[in-house]
Each structure stands twice: as structure tokens, then as C-alpha cells.
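The following pair of complexes shares a single chain, chain A, combined with chain B in the former and chain C in the latter.
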Partner chain A sequence: MLVFILKRLFTLFLTMLCLSFIVFSLVTIEPNLKKLALNQANMRMEEEAVQTWLEKNGYKRPLLVQYSEWLGNALTGDFGYSTHFKKPVNDVVWPKLWHTGILMFWVLILTIPISLLIGVISGMREGSKTDRALSVFSIITTSVPQYVSGILFTIILSSWLKLFKGVAKAGNITFENFTLPVLTIVLYDIGYIARMTRASMVEVMNAQYIRTARLKGMSFISVVFKHALRNALIAPFTVIMLQFPWLLTGVVIVEKLFNYKGFGFLLVSAADQNDIDVTLACGVVAVILVLTTQLISDIGYAFLNPRIRFS
Partner chain B sequence: MSIPVLEIENLSVSFMTRSTEVPAVMDFSMKVLEGDAMGLVGESGCGKSTVALAIMNYLGGNGKITGGTIKYRGKDMSSFSEKELEDIRGSEIAMIYQEPMASLNPAMRISSQLIEVPILHEKITKEEAWKRSIDMLEKVNLPDPERIMNAFPHQLSGGQQQRIVIAMALLSKPSLLLLDEPTTALDVTVEAGIINLVKNLSKEIGTSMLFVSHNLGLILETCNKITVMYSGETVETGEINEVFRNMRHPYTQGLLRSIPLPGKNKYEAPLRAISGQLPLPHERPQGCNFGPRCPYFEKELCSVNEVQMQAINSKKLHFSRCSKINLIDWNKKIKSSKKVGRKPSNDILLSIDHLSKDYDVAANVVFGGKKKGTIKANVDLNFDAKVAETLAIVGESGCGKSTFAKVLLGLEEASSGRVDFENKNIGEITVEERDKKTVSAIQMVFQNPFDTLNPSHSVGNQIIRTLEKVGVGSTVEERRQRMHELLDLVKLPREFEKRMPRQLSGGQKQRIGIARAFAGSPKIVVADEPVSALDVSVQAAVIELLIDIQEKFDTTMLFISHDLSVVRYVADRVVVMYLGKIAETGTTEQIFSPPYHPYTEALLSAVPIADPDIKKRQILLEGALPSPLNPPKGCVFNTRCPSAISGKCDSIDPPIQKLKNGHTISCHIDIKELSKKDNVFAQ
Partner chain C sequence: MEQISSFEIWYTFFFQLSSVWIALFITFSALFIWRKNLGVLGHLCNSPIGLVGLFIVLFWVFGAIFADLVALFEPFEQSGRYRRKPPGTINAELGIPYIFGTDTLGRDLFSRMIYGSQIVLLIAPAACVVAYVVGITLGLPSGYFGGRSDTILSFLANLVLAFPVILLFYLLVAPGVRETMLPNIMAGVFFLFPIAFALMVVYSRFSERLNVLIPSFIIIILVGSWLYSGLVFNADPLGLVQIDPNELNIFAAVVFASSPGVFRLVRGLTMDIKTRDYVAAAMTRGEGPFFIMIWEILPNARGPLIVDSCLRVGYVTILLGTLGFFGLGMEPESPDWGSMINQTRSYIRLVPTIVLPATLALASFVLGLNLLADGLREESAKD
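So, the complex of A and B:
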């Protein structure tokens, strides 16, 4: 197991190197740099001045040299300087990541139990009235895009009923101003995971070993708990793990909508403003998150499914 | 008379679909007394499994008992509450299933799946349940019960899994055991062990049995009473010997005539298939359900009124549902249409010379570590196949018979040795590199007709495509013509060219498979268990068809099978394989009579025989097939051989003893010693 994790960590590192190199070479292509230079000087710059600016900032050196310089700095924890915020990248990225982290935490802590419960309950008796009602609910919640549900919630719950605030201030969250963004993401996610869980549960409940357990004389409920649940959770577990990277970057819409300055917000503005070092740092963070969750997902999968563990 | 353990009266079960009600079981009656072993036989789809599940009152969401009663020890089960049912299930009535792998929970250890039964029903402590489970595992002859308790189902072999399921069923000492085709998914030698075990244990515990199977031989060996089902109703029932000796229903007779007996070959007792197929539940004919398929059908007698069960011998509980019981000459023998003594020629067509096939396996699949093992799938095979001969290759699963077929067809390359066909070594030429002539000369009929036809192309197009591939005909019209001839050849109507595979029955699909194999006029046809996926009544027709076509074109057939009765029926010569090596070769006569190789002897004794007059010696093989990754030293069979000589068989490779007429036995035991053994089957 330890060897397995070490090997995966090694691949994780390699993947990161490759990906950061690709991102690096793409953001440092010449036209982009020229645009950056012009941006820095409010568009008033002669061609000659642009060249001098590029020379001065070291962008004229070979790509590999530039990349290894960036890499060396990044490995020691220095991710460069944000041209937009006029601050070191470290001071920009980590607080924003923390803000999004808080949002993700609340989203997941609500989504996972609720969606698994819905999925299991509707999947254990396929075709029953409860199943149909819950399935309709989950289809509706997943099919409404977040920018629609977000706006609807703002209008109804905030502007009209005045229950919550329509704007969430990062770094100073309260129940009042934080409920709506969480609710918007949670509702969408619940439907998605619940449907996955339901499908997996239905399949398990139709398996022959469930019949064996029932014909041992076990009651329906104890069969669900003892025999079905663990097998039924294998598929949704993978899906939940895939939610982490999706949430990190997918929250953009909700963060924009509620003006919550988190990671997604930062990523969009960095790309917008051609903020090279911030974009690179964001990329690295995203890659680390994707690969780590995948590692956890693999380990968890082996734990849930003994057939993987031993073969 | 004591109260019967189980009494079913006029049971009807229907499945409700959205549009209509499908009656699966109609007017079914049966009585199982204390200590009885009742066999329930019939083709798939006749409702026998539905009866078993109805007894458990577990018919799923859409199944419903629409009439009749099921009484367990005199109490009507329909009056039971859900709680009472749960109390009975698993403790009073237990069940053993067809597929052991699917019936065990893959994510739970064997121990937790076993101990929950007594804990649930007898409220005993965990420690006590554990102890009792260990005892039960010993009773079902599983070695090292402690290790097995901690294992997961996928770590055990099929036979071991089925023993676990049996242990689970017997843990609470049930008074009724339902067995739903418990050995269909297992090898013959494993099957023999399981059947023996169930028989002994149920006697020991005093359990009555309901044995659901399509295999008449198995029923004869295990049960004392039999009920034959056809299309949802009982057609004949009675004490087992009475029914087998005095059959009084054409369907029972048809079933028996469609299975080959290991003592008889195709000339002595030709197979007679039941024509037609089982009617769909909502298309049952008027009068006798079996009417349209019955050779004795008479319109005025059989298709007017519902036929009722009639007593034939009340003392022996023999009843039959036939309106012509007194009009049919039940003892009339059927005559063979085959020419006796058709001898295959002596020209050698295919010659296998020291053929070996190894597979390299990485020690660790994920990382491909350096430690590699080798699976020796075929070791030093030597045999010939003559023109127009049927050569059977038999052995348990994992003995390498399918690997050999793959090498022959060019799906795998031989590791060493030669496969000589028409003066060419084709062992190292894969199918992509073979010329059209060689490809069309060696064709295959596959085991599972359900998976080998493309579901989205019509049957005709698939045959035409094959013709194109083997280079028959130059225009579409010519190929269509040839396709029609092929359909005629496999006795299917020409209209079938437009049908999609899903519109065909299993037997018809296999006929298409045969048509494809014979499309390019092959010299060799490899038939890999061609009938094992089919119902008994259909099997006979497909076997007959294969033999007829083969004789017509003088094709050489390599018949791969684990079913020795079928092999005896079709084959001219037999190669017995064990763990990649040849144990015995010879003509069918030589293989089926002493001297035997000890393995052949065990294989023969494992075959269930549907003839009450034949007595056979029972030889049970201990243990499972060793892993081909790590085969035993010396003779590969020594770990399971009942007559292994220690110090010799487990260290030295056995010599190949050559007897007269090409009969070879690879064994340390002297031929004189082997010749002293009696025939496995005695009249």
C-alpha cells in the first residue's frame, strides 16, 4: 500500500511538471507578452520600448531557462509577482483559496449526506412512489443551471422575503450572507450525486446476493444496511471525489454571482488581466488538487471494493 | 400419514407487466414428504425456478401467486406475515443457487456472511456462531476453514463458493432445501463432489430436498421422486425408478431420448430431438401444451379439452398428463438412420507435434514487476487428426483445451512445436497473416451463440459478410445464393435471412453459427462446447446437425467438450487433457473401457447418467485443479490422483505407455495394473 502511494505521489509530481511547463510555454508566447507590456504602460508604448521592457523582464531568454527559473522559485515557495494586484502571488492566491475552501467545505458537508440518503432511499425500492418523487426532485435540481437558480434565490429569498443577503463577503461570512451561494451549489450537486447513487443502488438491489441475503431470512432494512450499502457506495464515492476539482474551478459562476472573492473569481480575473504568475500558480494548485483527490479516490476505492485490493 | 413438509396444490403464478399478465406457472401440484428428495425437471423457461421462488414467497415486484396454495407443514404460507416469512426463510427453508459467485456478497468476508444466519435465527452469540460455522465448513469438506472464513468470495474457486453457499443453507438445519440448478455452472468433477456432499449432508441433518435441474441424470442420482414440468404445468410425476422405467408422457420420453448416454454411441442409440420450441406463456395452444411438438399428436384427442393428470400407478404416485396414455406403444425402440461402420480415412490432415504454449504473467499487474510467472497452458502436445474424423478434446475448465483451439485458429502463437496443416507449420502464423485459403479451411463454432452474433445486423448479412471474408463468390448475388444454400444446410427456412439475432432462439442462433463456420467449405471445424449453452431438447438437434453436415462434407471436427456423454456420442477418437498435458489418447472405445488413465476414470465416473439400469463406480477427486502457474512436480495429476504412488508420481514425469492401435496412457502405474480395473459403467 505504501509503495502504491509513493508511486502515485511520484506520478503526481511528474504530471505537475509537465502541466506547468505546458501552461508556462503558452502564457509566455511572444504576442501575449507584448500585450502584457502594453497593458503595463497603459497602451502608450513604442515597439522599441516594448522590446526593452521584454528584455528587462527577462522574457527574451530561452524558454527552458525562464521555466527553470520559475520552477526553482516555485519549489522554494516563491510563485512570483502579480502584475494586476501589485503584490506577491503568495499573498493573493492562498487567501482566496482559503475562502473557496470554506465554501467547498459547507457545500460538501451538506451535499454528501443528503444526496447519498436520497439516492439510497430512492434506489432501494425501484419504481416506488418515494423513488419517483425523489427522482423528479433530483432531475429538476440538476437541470436548472446555477446562474438561473442563483438569481431566482436572490430575487425570492433576498430581495423579496429579505431572509438572506444577496452578496457574500469573503473573509467575513455569516449565516445571513453565506446561505445563498452554498444553497445554489448544493442544490445542483445533490441532484447529480443522488442520481448516481440511485443507479448504483438499483443495480445492487437487483443483484443475486441481495436475494441470497433476503432468503436467509433477513429483514429488508437490515439487508439494505448490511449487504447493499457498501456495494452501492463504490460508484458514488468516485463521483464525489471528482466533485472536488470541479467545485474548485466550477464555483466561478456562483462566486461571480454573489461577488464572493474566492479562487474561481481570482482565476477569471487573472486570465482576464493577463496576470501570468497568478495564472500559473492557479494552474499548479488545480493540478495538485485533481491528482490528490484521485489518489484518495483510488485508495478509498480499494478499501470499499475488496476485489481491487487483492488482485 | 404424517403431514408433508411441502404441499403445493394447483399453484398459479403470474408476472404482471405493464400491458398484460404473463402466466408463468399454471395449475402446478406437488407433495414433498419428510426425507423426500424431489426432482423438478424441465427446459429453461418452463417455470421451474419460479416454483422454487414462489415457495420462498419471493417473486420480486411484479410476480404474484394468482391461485392455489403452498402449504409448509400443513400451514398455508399465504397467510404468513412478512415477519413469519422471514423467520422461516433461511431457518426452515433454505436455498442453494445456480451461480455461487453471484450469490455471495463480494464486499463481505465469508465469516460475516455465514455467522449472520444462526445469529439471526437462533439468537446465539458471535463466538458460538463462529464455532458452528467452522464446524459446518469442515462438514462441507473445505480445507483450512479458518483461512476460508477470513477470505472474500472472489478469492475462492467456483466449487469452494458453492460449498460455502451449501454451508450457509445448512447452518440452521433447515427441514426443506431448495436447490436451483446448483451445479450447472461447475465442472463435472466438481459437480460430482457437490452432489455427493448434498446427498450425504441432507440425510445426516434430515432435510427434505427440492432439486430443480434440467439434467435428468443428476435427478436420477440424487432424488427419489420426480416431477416433470412443461410450459408452466406438471406433465408427469412419480417415484423416480417408476417414472424412468415406465414413462407415460411423450415430453418425458422426449427429454430422455435427447440426451446421450455414456454407454451408447450414435449408432446404438441415436438421439431424437424434440422438434419445435417451448411456447411463450401467452401463446400456449389449446388442449395439451405439448401438442404441437408431440410426435403422437392427434387433433381430436389432444387439442380439444384441457388434459388432466391421470393416475398410472397410484401406489408409486405415478401420474401423467396425456390423453393418449393407453394408445401409445411406450416401449417401441427408435431406429438409427445412420450407416454403421462409416470409417474416417487414414489420411492425416492435421498433425500436432510437441506443441507448447506459455503465457507470461507479470507478478504484479499494476506495476509490471520483474518477477514473472509462466502459465504453461499447453505442454508438449502430440496428436494427429485424420480426414473426416471427429476428434474430441476433453478435460475440466483450465486444462488448456481452449488455448489449443486458439493456437490452431491463429488467435495465439505457439511457443514451441509445430502445427502441421497441409504441409505447412501454421502454429506460428497468426490469423492476420494467414492466407484466405487457410483461414477458411479452419473455422470455429463457438460456445455461446448468444454473444457471437452481432445484434444489429440481420442473419443473412452476417453470413454474406463471412462469405466475403473467406472469399466465396464474386458478386453479391452469388453470395446470396450460397447463403441460401447454407440456411438450407442448417435446416432453417430461407426467410430467416431477414431476421435479427434477437428474434432467434438459442438453438437457431447456434445453427447460424454453424452455417458461418461451414461457409468457406472448411477442412477442419473446431467446435468449442457447441451445445453446452443450449437446452437439452435443443442440444440433440444441434449435435445431429453437426454430425450430418460433417459427414456430408467429410470435414474433420475437433470437438472440445467437458461432457463425456456427448463426446462418447459424437467422437471417433478422444484426447483427454489435464493441466495442459495429454493424459490419455485413443479411440472412443479405448477411452471408455479399461485400461483407463486414473483421471479419465474419475471423469467418467463423474458423469450423471439418466438410466436406472446402469450402475457406475464412484470415484471422487479430492481438491481443486492446481494453478497452472505453479503446476505440481512429476505427474501433474498426482495431487488429486486416488492411486498416486508417493515418491514416484510426485517427482518423476510419467512415461507415455503405448498400447495397441494408437492408445496411449501417460501414467506411472503399469498397464497390467490399470487393466485390472472394472468398467466404470456396469449394466
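So, the complex of A and C:
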């Protein structure tokens, strides 16, 4: 088990290094730097002056040298300076990440129980009417992306019925303005997890030991609770953890849609405003989040599933 | 300003789409008559969910094909007098109604929705085909041979899959990126794979018969390099094949984001299928590894691949919509559904119906694909 974790950690660091390098090289491409130079120094600079500015600020050095310098600073906790907010990046990114954390927390609190429940109920009796109805429901929710459902919710629930607010203010969360963003993300994510749970449940319910338990005379309900659930919920655990890259995309869309000034909103506006240090920091934080959840999912899967743990 | 009633709106809608209805009727009759000979597609007749999915998907396919007949206006035709009008407003000069209303520049939403399907239904499936060819060309040998190259390729695939999609797009689809050679380099790499795949297919079949092999190699390389020059360098000598730099950028980014998924799927399926008896039989017969991969393993992996391809086209449609929603890549005028949502969503407080055509079009097309995939999965599981 320890060797397994160490191996995974090694791959994780390698992946992190590669991904942060890719992000770094894509953010600091020539046209972006030129735009930065024009923004920072003087809008009407000649080509020559731009080159001198880049030279002076060390953007002309080899990419690897620049990257290792940035990495060294990042490892000591210094992510640079935001050209848009005129503040150190650390003061910008972390509060926003906290706002998004709250959003994610509520999303997960709602998504996990609901989707597991739907998946288990429909996988319990494959092909029944409930199964059909719930499957169609999950297919519909996965077909409607957040930018569609969010807009439809805003029209129906906010403009027409006036139940909720169509704009969510970060830092001042109320039931009224926070429901729509959460609802939008939750609805899109439920379908996928529910379908995976259903597939896993169907597989377990067709296994030999379930039939044995039924033939032994156990009631259907207690077979489901005592034998099936434990094995059927291993796969969804991985699925939920691996949902994080998608969840992050959903969060970015929803934050943009509802004007919620969190991490996703920051990422988008930093990329639009060519705020290089902030984009880099956001990109790396996003990548780290995703990779950490992958690690948790791998270790958790091995921990939950003895067949892997002892092989 | 004159209005038509909601009954007349829907009447005009159905009447305008008559070419689509006729095409759908013919296709479905043909499907039912020859359902015994159509394999998986014929089995689909037993699955109501799958049929509904097929109906929606074909509706949009025919809508895109017959867009010129269906649309009432030109997609870029603006009108200063009719801005943000509700559904059913009549254009007094032309006497034609804006059945779904107009956007903020006075363009007809219905016509834009129909013309938008042309863009979406071209880019999404085409990107999926290329992603599939890339995934299959790399996934088959990777799963079949294993070893170090497999480890490296899997690591690279996981690298891309660990990227949050939205970050990837913000980095790859940007005006700054388009000034560099990056999209062309990416497209250059991706469009090599179809040529390589075609060569692999021909070689594996005719490696013994040089009189067939050499001419087909020459044809593939000629046709391949013609398409390649047009698509990657925008320098087709005949001037037939060309692609807008914006679209090439989007295309490359979408292929980049989705091919690792296909790679993983194909690799997994190959590792599973290569343990079967018929593969062992082919090996005993003395067939080469490429023959076994392409003519034994790939046809037997088609079930999951067909289902996945339906889901993937839907997913890519959502991705294209996301790009449009963030105003990335596409030209600002573009009538594709994502950009339409982006152009109209600020006005929903004034005219709530203004976003409905684009949003419902996108959601219904993806829903159709997902239902079709579900139907196909159930029917292919019965075989």
C-alpha cells in the first residue's frame, strides 16, 4: 500500500510539473507579452521599445530559465503581481478561492446524496418503470449544459416567478441569490453520477452472491442494504472524484453567468485582461485541485477495494 | 407594429420546415421497411427512446441540409427598425414574420438558429471523426503491444485529461494564440493521423500484394497531401479546400481535448479483446499485428465505440457552445448556437424569449444524441 501511494505521488508530481510548464508556456506566448508591454508601459510604443521593455523585464530569456524562476518563486509562496488589481496575486486569488469553495461545498452536499439515491433506486430493479423514468431524467439533465439551464432558470424562476435573484453576490450569500447557481451546477452533475451509479448497481445486482442471498430467503430490501450497496458504491466514489475537472468548468460557467465573483470568474477575467501572473496562478491552482482529487480517488479506490489493495 | 398570433407562428414554423418533415418521413419509412437488413440501426426500431433520439438528431441534420429552404431571412441580415422584437412581429416592408423574434441587431432568430445548425453539425462531428482517428491510431498499438510507448502515451493522455477543459480552451483558443503558429502546428499533427490510419488500413490488408498496395499508397498520399495543404496551411493549389483560421483554432483545440478520451477507450477495449480466441486464431494463422488490430480487434470493438461516438458528438456540441458562450474563437457575427446565446443573454430581462431558440436548439440536439446513444447501447447489449 505504501509503495502504491509513493508511486502515485511520484506520477502526481511529474504531471504537475508538466502541466504547470504547459500553462506557463501558453500564457507567456509572444503576442500576450507584447500586449502586456503595451498595457504596462505606453500604449503608443514602437516595436523597438516593446522589445527593449521585454528585454528589461526578463521576458527574452530562454523559456526554461523563466519557468524555473517562476516555479522557484511559486514554491516559496510568491505568485507574482497582478497587473489588473495592482495587488500581489496572493491577495487576489485566495479570497476568491474561498468564495468558490463555499459554492462547491453546497453543490457537493446536494449532488452526492441525490445522484446516489437516483442511481441506486434505478439500478435496484433494472428495466422497471421507475428505472426507465429515472434514466430518462438523468439523460435529460446531462443534455442541458449549465449555460442553457442557468439561463432558463433565470427566465422562469427569477424574471417570471420572482422567486430567486438572477445575480449572486460573493461574500453575501442568501438563500435567494445563491439557489440558482447551485441548482444549475447540481442539475447538470446529477445525471452523470446517477448513471454511473446505476451501471455499477446493475452489475452488482446481477452478481452470484446477490442471487444466493435472495435464494437463502433474505428480503429484497435487506439484500440491497446489506450486500449490494457496499460494493455498488465503490465505483461512484471514483466517478465523483474524477468529476472535478468538469465541476470546475461548470463553476466557471455559472460564476460568469450569475456574476458570482469567485475563482472561475477571476480565471476568465484574468485571461481576458491578459493579467499574466493571475492567469498562471489560477491555472496552476486548478490543475493542483484536479490532481489532488485524482490522487484521493486512486488511494480511496484501493482502500475500498481489497482486490486492488492486496495485489 | 403588426403581430401574428401564436397559432400562426407555429403554423409558419411547421410549414417552413416541410422539406425537413418530408425527408424525415422518407428516412423513417425506409428504416422500418428495411429494418431486418440494417443491423444495429434496424434493432433501434424496438427502442422508443432510441427512435426519439434518432428523430431529433435527423431533424437537425436535415435542418442543416435544407437551411436555405427553411430559413425566412438571411442569417446576417440586419434591420434597424426591428430590434429585439418579440416572436411574431411582421416585417412590414417584406411582409415576412419574424416567427421567433429578432436579436439586438434586428436579425431573425429563427433563421440564425437554422443556419447555426450548419456550423455546429459540421464542426462537432468532423472534430469527433478526427479525434476518433487519432485515438484509434494511437490506442490500438498502445493496447496491443503495451510496453514503454504505451506508458508514455497513457501518461500524455492523462496529462490532457487532468486539465480543466475550460482552462485548456482559454489557453488554446485566444486571439494571441492565433497570432502564433500553434493552431497550425496542432492541426498539422492531428491531420497526419488520418493519412497514417489510411496507410495502416491498406498496408495491413494488401501487404502481400504489391500491385494493389503501391497504387493505393500513391492515391492516399496524393489525396491526403492535397487535403492537408488546404486544411493546415490554407494553401490548397486547387482552391477547393479551405478553413477559416478561427475555425481551425477551435477545431484543433476540440480535437486536442477529446482525443485522449478516445485513446483511453480504444486502448482499454484492445487490451480486453486481444485475449479472445479469434485473435489467437488469427495469430496462429500467421497474420501480422496490424492486420489483427484493424481487421480483428477494431470491428469487434464497434459496439462501445458507436455508443461513445454519439455521446462524444453531444459533448463536443456542448464544448462548442461553451466556447461561444465565453465569446472565444468564433467570429462575433457567427450564428452558431453558443455565440447566439452569448449575443442574446444580456437582454433576457427585456425580451425573455430572445435566448430560447439557441438554447433549446442546443439542448435538444444534445438530448437527441444522448437518447440515441442510450437506445443503441441497449440494443447492442441484446446481441
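Everything that follows uses one rule, which is that the second predicted complex is superposed on the first by the 300 of 311 C-alpha atoms of A that agree within 3 Å, B and C clash if a C-alpha of one lies under 4 Å from a C-alpha of the other, contacts with A are read in each partner's own complex, and residues count from 1 in each chain.
Please note the rule applied: a contact is a pair of C-beta atoms (placed from the backbone, for glycine too) under 8 Å apart; a residue touches a chain by one contact, two chains touch by 3 or more.
In this text the structure is predicted, and so the values were computed from the model without any measurement.
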Contacts of A:208 with chain B and chain C, given as first, second, both or neither: first
First (chain B), second (chain C), both or neither touched by A:245: second
Chain B versus chain C as contact partner of A:290, first or second or both or neither: second
Which of chain B and chain C A:155 touches, first, second, both or neither: second
Residue contacts on chain A - larger count, chain B or chain C: C
Touching partner for A:273 - first (chain B), second (chain C), both, neither: neither
Contacts of A:66 with chain B and chain C, given as first, second, both or neither: neither
Which superposed partner A:28 touches (first chain B, second chain C, both, neither): neither
First (chain B), second (chain C), both or neither touched by A:230: first
Chain B and chain C footprints on chain A, overlapping residues: none
Of all residues in chain C, those that touch chain A in their complex: 49, 155, 158-159, 161-167, 170-172, 174-177, 179-180, 182, 314, 318, 321-322, 325-326, 338, 341, 345, 348-349, 352, 355, 359-360, 362-363, 366-367, 369-371, 374
Residue ranges of chain A touching chain B (in the complex, touch as defined): 4, 7, 126-127, 207-209, 211-219, 226-227, 230-231, 304-307, 310-311
Residue numbers on chain A that touch chain C, as the complex places them: 11, 14-15, 18-19, 22-23, 26-27, 29-32, 35, 135-136, 139-140, 142-145, 147-148, 151-152, 154-155, 159-160, 245-246, 248-249, 252-253, 256-257, 264, 267-268, 271, 274, 279, 282-283, 286-287, 290-291, 294
Residues of chain B touching chain A in the complex: 56, 58, 61, 86-91, 94-95, 97, 99, 102-108, 116-117, 120-121, 152, 154-155, 165, 168, 365-367
